[in-house]
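Reading through the structure tokens given below for one structure.
Order of writing sets the labels: A, B, C and D. Residues in every chain begin at 1.
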Amino acid sequence: MLSEYRHTRRVQFYETDAAGIVHFSWYFRYMEEAEHALWRAAGLSIAPPNAEIAWPRVSATCDFHRPLRFEQEFDVWLRIAEMTTRTIRYACVLTAADTQIATGSLTVACALKLPNRPMKATDIPPDVAARFEVSAGARS
Amino acid sequence: MLSEYRHTRRVQFYETDAAGIVHFSWYFRYMEEAEHALWRAAGLSIAPPNAEIAWPRVSATCDFHRPLRFEQEFDVWLRIAEMTTRTIRYACVLTAADTQIATGSLTVACALKLPNRPMKATDIPPDVAARFEVSAGARS
Amino acid sequence: MLSEYRHTRRVQFYETDAAGIVHFSWYFRYMEEAEHALWRAAGLSIAPPNAEIAWPRVSATCDFHRPLRFEQEFDVWLRIAEMTTRTIRYACVLTAADTQIATGSLTVACALKLPNRPMKATDIPPDVAARFEVSAGARS
Amino acid sequence: MLSEYRHTRRVQFYETDAAGIVHFSWYFRYMEEAEHALWRAAGLSIAPPNAEIAWPRVSATCDFHRPLRFEQEFDVWLRIAEMTTRTIRYACVLTAADTQIATGSLTVACALKLPNRPMKATDIPPDVAARFEVSAGARS
């Protein structure tokens, strides 16, 4: 069972903006990249072909402490902060060379995909729930 | 003095993802678009050429209630929820045909740009502060 | 029958990069935006819900003449340069205040969507072909 | 002296669109990623802090042969197809498991950055020119 993942990344040029730093919208994509890498590490895909369930995002937050610049390497530390029967909340810290860049969270829900109708909340399937557990603590 | 702005938008194809809906990272860009449109409505640019100050994002949050799909029209209602001597906090509601799509917030800080050094927090210039005021209330 | 469209646009901050100008990848998105606006002007959607056909991109080119900067307004002039039974080629010129910014082209093909199989080239449906015609000439 | 680079990549969810495949604009970003990785492999950065020169894109083309899907792994094979005193043209092939996904090209120019004025074409600096050479041939 997995509860944490460290995703290492380098800033791409198209992620920067005219202020010379990574545009803040990218931090949310970095968090999601780490989530999907955690799932792969657990032997799963969050969106396999013809999946009957999906994982829509319910809420996302980020506090931006330091900028990131072109070609800078950084880590996205993701951990499972909370699991309910239908949702997962991830807590996230971005660091670069031991400096804290940002902290954030991402809450996702398990949902049934229904043709031509809105998705409907459903329980996390047992084979998914069995792979993940809440992290014992924040990264020390 | 302005305190609110309504930004109308249509979903572009490149904003959708393989789930068939707008990727959640775009909601943060929609909020920022509305912020910049509010500034233009106030006769200002948030990033004029050779500016000595910048407006880095300090924190951002979003709760996602309903999906948006390709070509859907929607509104981004932005209002100034709080102003301090050095920061502005915007509250934001996305709606489409009277349905609430998402609610979010964006806090930005006023900062001095210094060559080859990190930006430094500074007071909001009087000519900017004079154009904005805190909104009397949420959109009714 | 339509053969041309003028799409007006303003540069968003997230479209700029650390060089202070619009990242070149955005020009291709601008062209596609204009294509979809042309289709809407013709009373069509290029990707309606539950469509049985799709319009994959076959090739794209762009020559970049001048940069675009934050908040700059510009026009995307799109015209249908060629139509075959299965493809449409658009020619595109981006201009800002009478300055040519870029020229490009986009070729798209009509394709059948097949469940769990690659898309398959097919003829453009008559109700689509009836709305478009090749432009008489370049923008004068 | 380097003339080729193989950049390996996995499709991220935010790179897909509502057609279930990678949006075509991303292929241009993939090519640029490979270019910057080639420069790093040559001991260079294409955009170091306080650089006096920049490398604006002059033209870009891409032919799209097969789609890419979420989490698919692929390679971007970049080679230097042509060098003049002021420009570099890269040729590019994207492959996934020996299937050709796309072929493209990217031409960039060396330019002097001038404060508050347009960039001006200039010769490629000797320390850059010394690191690269035209590739002997296409990838066999």
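The working rule: contacts are C-beta pairs under 8 Å (C-beta built on N, C-alpha and C of every residue); 3 or more make two chains touch, one makes a residue touch a chain.
Everything numeric here is computed off the predicted structure, so don't read it as measured data.
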Name whichever of B-C and A-B has more C-beta pairs touching across its two chains.
-> A-B
State the chain with the largest centre-to-centre distance from subunit C, centres being mean CA positions.
-> A
What is the distance, in whole Å, between the centres of subunit B and subunit D, each centre taken as the mean of its C-alpha atoms?
-> 33
Would you kindly tell me how far, in whole Å, the mean C-alpha position of subunit B lies from that of subunit A?
-> 23
Between subunit B and subunit C, the Cα-mean centres are separated in Å by 28
Name the residues of subunit B that each touch 2 or more other chains.
-> 13-14, 18, 21, 25, 29, 32, 47, 49, 69-70
What does subunit C use to touch subunit A in their complex?
-> 13-14, 16-18, 20-21, 23, 25, 49-50, 69-70, 116
Mind pulling up the subunit D residues that touch subunit A in the complex?
-> 12-14, 29, 32-33, 36, 40, 45-47, 49, 69-71
Which residues of subunit C touch subunit D in the complex?
-> 18-19, 21, 24-26, 28-29, 32, 47, 54, 56-64, 66-67, 118-119
